[in-house]
Amino acid sequence: MEKIKAGVIGATGYAGAELVRLLSRHPHAQVEEVSSVSFEGKKLSEVYPSLLGVCDMTLTNGEGIEERCDVIFASLPHGLSEERAERALKAGKKFIDLGADFRLDSAEEYNKWYGKEYKLPYLHEQSVYCIPELHRAALKGRSIVGNPGCYPTSAALALAPLMKERLAGGVVIDAKSGVTGSGRGLSDTTHYPNCNEAFSPYKVACHRHTPEIEQTLSKLAGEQVKITFVPHLLPLNRGIISTCYAELKKPLTAERLHALYTRFYAEERFVRVMPLGACANLRNVRMSNFCDISVHADEHAGRAVIVAAIDNMVKGAAGQAIQNMNILFGLDEGEGLEYVPPAF
Amino acid sequence: MEKIKAGVIGATGYAGAELVRLLSRHPHAQVEEVSSVSFEGKKLSEVYPSLLGVCDMTLTNGEGIEERCDVIFASLPHGLSEERAERALKAGKKFIDLGADFRLDSAEEYNKWYGKEYKLPYLHEQSVYCIPELHRAALKGRSIVGNPGCYPTSAALALAPLMKERLAGGVVIDAKSGVTGSGRGLSDTTHYPNCNEAFSPYKVACHRHTPEIEQTLSKLAGEQVKITFVPHLLPLNRGIISTCYAELKKPLTAERLHALYTRFYAEERFVRVMPLGACANLRNVRMSNFCDISVHADEHAGRAVIVAAIDNMVKGAAGQAIQNMNILFGLDEGEGLEYVPPAF
Amino acid sequence: MEKIKAGVIGATGYAGAELVRLLSRHPHAQVEEVSSVSFEGKKLSEVYPSLLGVCDMTLTNGEGIEERCDVIFASLPHGLSEERAERALKAGKKFIDLGADFRLDSAEEYNKWYGKEYKLPYLHEQSVYCIPELHRAALKGRSIVGNPGCYPTSAALALAPLMKERLAGGVVIDAKSGVTGSGRGLSDTTHYPNCNEAFSPYKVACHRHTPEIEQTLSKLAGEQVKITFVPHLLPLNRGIISTCYAELKKPLTAERLHALYTRFYAEERFVRVMPLGACANLRNVRMSNFCDISVHADEHAGRAVIVAAIDNMVKGAAGQAIQNMNILFGLDEGEGLEYVPPAF
Amino acid sequence: MEKIKAGVIGATGYAGAELVRLLSRHPHAQVEEVSSVSFEGKKLSEVYPSLLGVCDMTLTNGEGIEERCDVIFASLPHGLSEERAERALKAGKKFIDLGADFRLDSAEEYNKWYGKEYKLPYLHEQSVYCIPELHRAALKGRSIVGNPGCYPTSAALALAPLMKERLAGGVVIDAKSGVTGSGRGLSDTTHYPNCNEAFSPYKVACHRHTPEIEQTLSKLAGEQVKITFVPHLLPLNRGIISTCYAELKKPLTAERLHALYTRFYAEERFVRVMPLGACANLRNVRMSNFCDISVHADEHAGRAVIVAAIDNMVKGAAGQAIQNMNILFGLDEGEGLEYVPPAF
């Protein structure tokens, strides 16, 4: 079988570089082209010496990449993906957007949270937002994929069973992410002495991932779900823990909750429901496509506490994008993603 | 003025060693004796080379320490403080317990959460639990102080104004602590490669600080308050962030909330209410006795989000104990505690 | 082709667990049995939840493992490997020792540094010490392999070209290792608050890897080489940097040194000589089998400074062991080891 | 006694902010004015929220600061201090430069390493470079002080006794610094995900602190000393470890070396020679003005290994500057610097 030719737009951003890292060992795909506005003409391995001898390709400006590749991954600031999606569509190629432009169904919500308009609305009618474990059926026949955000992936997987069964409401999501979630760009926030031995929330109850999470949960519940979502910055590189609190509509023991979750995810290779009593820890999923979920009941206060752990760069970005690519191309969903997390 | 002679029982534990560190530069107190079961006969500076030349005292077994000191700080596993408190009382000395034995009013709750009985109930009637900003008046004339736990200090200071005014209910406290909170003892949990680049909750909705927090909040609210409390372990040495969620009984803007908090803490030198829009960060309070609080409103979901940051070893343990000592002895409350947190 | 059956003795130690992690995705090998004295009867994934669903095998006591496997990896405290090697030999199987028992040619040196005797000297005559890039030819036909130590691997690869050409003397090796190098066992040294925001040397000029490094360098130079070796503990999980200083016997420019190194390692896939001007950084090799080397000249003081970076658990332990296994079994040397280091 | 009025030029840089932090609790000095080119008009506590309520002064442009203050601390990029020193001199005030402009005696060396000229040579004839433990006598009557660099402070204190006694040569200094050493400015090098779980040397054998170290050692030895100096970046905030290697001209036991050092530093309150067998660790000096030194002998290879640990922001910058101020003003040398390092 000929390998799928993949083009990565924005290859020097963190999600882009992680895509290259993973695709370079994918058995049925290969990196055909890497582009970057900031580093055009440089080798990718000059920007990331970790890729020395692995991907020494020269970064292009991306012009015409749609002609040369079977699938385009775009990792761009919001507002720039529609045009690239249209080009891919016209060239009859697949387009997977790791940015925010194809995540929200509602043009109003997009406008409210991102301050931009959908310029090519027809694209959004054809595109599909896909966390494979929840939406893979919808991918069939599509060409444009809105790859989910990192926080929303963890929160949706954590709460899906409860929402689907309409067992809970009053949702609070207290999420914590490693610093790679802030990307490659320099900022005071990501200056080492400001992050190290530091911890704080940010964008309290006003983070852009809020409407994306509410969209997924509302569809699952069949009703409008409102959440309080507060992200925090963890002093580590990779990984997200979302600690999700939900008021139970009727009392449920930890055992019942656990049974619900193991059943819901029984067929999923990338979701691991932890044994009852254990706690999800991001160290057990780093560098892998796994989402670990632990289930807890606070019978005293009548809440369920569900904790989901993912690697924000893999299951939360590049890995999930490749998982979506695998589905789009009829490959086994786990191809190129069977990494075992290093415990230490 | 003669210096207060302080004895530290359990001086090689983290809270004990921090007491020695702070007391050794207190203008009106001095470390008179340090005791340790595990290291009796060794110098404290052999156990903590950071104290070389600062406190080279030899660790005793603590026998008769009540005779030689004006105040006894005990940093012991629960169940061991009553006897020491009684001895201090009989010797006419002050006793400040950094453990859990004098924190809960209810003998039943103590029994339920700690698996032990109060053997000397009369001591508990005389003792007082004291977060100075909330309870300093109650210290007058007392000899036994239950020094608050680290999580309860941060949670109570975060929620006190809301509870006092009965503005909120449905409280969820998502707390995160540095590893010093687990103490000096070795464990898999605190093995470096298990903590570093790791993050997870622990004792979900079953941590022993739960009843202590509920006790304080209930007294403030004048009614029984139930909370969901989930602690997490942060990959850093010091500091606690408690992110507290509360459902507002009536809508309140961020500005109103902020005004409530600045008013409530207007006279407190160790509580800093952050300017509106800022987020409390534990890096701004490390090595200091400050508690920084930031106030946020989620008008969309009808919740207040209050974030409190403290240094768990200072305001959450040794610093607060010295603050209590200062009050007990009629000193200025801030003596020996005016440390400026290093930002980096 | 049938897969090679691998047995891992000491599978719950760090090197053992890393072997299982890597072997579980090896295309031509499979983990057939895992043993552990401390955790016999438990599942490996109970000890390492990161392996949940990946390796849920039950840990055995290792009795008769030689019968069931084609190759035995032993990761044991020194003094315990000879017996296991003999059993493997008698069963006609391969034995790869990740401990120290088959690293030193000289029984005297072994006795001096490890305080034990070689009880079965004939085994040591048949065994071979193998850093593949320097000694792979010697592996042919052997059954017992002394897998090199982590520090010695980095130091030998850093200095081999200089030593081989007899260009330098007066060697000082200042090495820094992540905490996983200290293993899974709990100790004050590896207690999180003692490592984090900490840094110090240890075993200054008396570390057991000293004779192993001198043995390799002396063979390369054809004369007795004496070094000063000082290891330090880095506050991070994985990786070693060895900064090696050598007095140049005659002046050499950085360009000449660099040319020497690129030539020496031209055919090596796992050694990457960095471009002149760049510095080796352990972040570029983590989770991979690469050894990155940067070459520097201090013309002012007449020294070469060579810096080598490896992942101590991969190239410094489990990865190199698999590389040796691949050679022993006639496989491509890189099978199962083509991991791309994540830059972040 | 009236307090000394201190002005800090460059108060938003790390050294400047640390000066403010320490001076704000100095018993005989007070911060009178803080200036900053980048943040003029803002409050210092807006830039550093850790200083909220401690130093809420508004940042000035520094014009005329010499008139209003008794001592000026300048923390500026090199090339900018001469002019400020001259102004202070004319105003009859003291000037302590935390930058590099008054460290090198030789105008040629300054030009070679910093690419600039001394424009006001007469100032350099009057100024004095001062590590108090080595040069305090020279401070008398001076008005301009070149405050030493962080690496040079640690290296000079480590090697002074050996150099003074002419016992050693062939010096290699392998130094490691926390990230605050790189300052407040953003750079790829200090982007969190690039530092964390990373380690590498930089400016190998070409760092600007090289001539400063050689100047101090040469004066001590009474002859030209050449060193190889290689700095590395540690993944932690504060602290420097300098591991110094020197060839002994005649054999010396560890005991003899240790005796030499304890004698040399017997009267020094800020230098702690560790007990024989212990290793200096930067965790024991953080947030303090101590320099811990451990002494080791490699009899096998004929070298002494001396390890010095300091906090780069305190003894390596702001603390030492205050120590120099104390001497200049006839105060007790340790005033305002008696911080006890937190071990954890």
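As written, the chains take the letters A, B, C and D, and residue 1 is the first residue of each chain.
One rule holds for everything that comes next: contacts are C-beta pairs under 8 Å (C-beta built on N, C-alpha and C of every residue); 3 or more make two chains touch, one makes a residue touch a chain.
For clarity, every value in this text was computed on a predicted model and none was experimentally measured.
Undergrad: What chains touch chain C and also chain D?
TA: A, B
Undergrad: If you tally the C-beta contacts, which comes out ahead, B-D or A-B?
TA: A-B
Undergrad: Nearest whole angstrom, what separates the Cα centre of chain A from the Cα centre of chain D?
TA: Using C-alpha averages as centres, the distance is 46 Å.
Undergrad: Quick one: chain B and chain D, Cα centre-to-centre, how many Å?
TA: 36
Undergrad: Please work out the Cα centroid separation of chain A and chain B, and write it as a whole number of Å.
TA: 39
Undergrad: Which parts of chain D, given as residue numbers and ranges, touch two or more other chains?
TA: 14, 180, 193, 196-197, 235-238, 281, 283, 344
Undergrad: Mind pulling up the chain C residues that touch chain A in the complex?
TA: Against chain A, the touching part of chain C is residues 14, 17-18, 21, 24-25, 48-54, 180, 197, 237-238, 269, 272, 274, 278, 281, 283-285, 287, 292, 313, 338-344.
Undergrad: Using the touch definition up top, name the residues of chain C that touch chain D in the complex.
TA: Chain C residues touching chain D: 170, 172, 174, 176, 193-194, 196-202, 204-205, 210, 226-228, 230, 232, 234-239, 241, 243, 245, 247, 279-283, 286, 294, 296-298, 300-301, 303, 305, 307, 309, 344.
Undergrad: Spell out the part of chain C that touches chain B in their complex, as residue ranges.
TA: Result: residues 14, 179-180, 184, 186-188, 190-197, 235-237 of chain C touch chain B.
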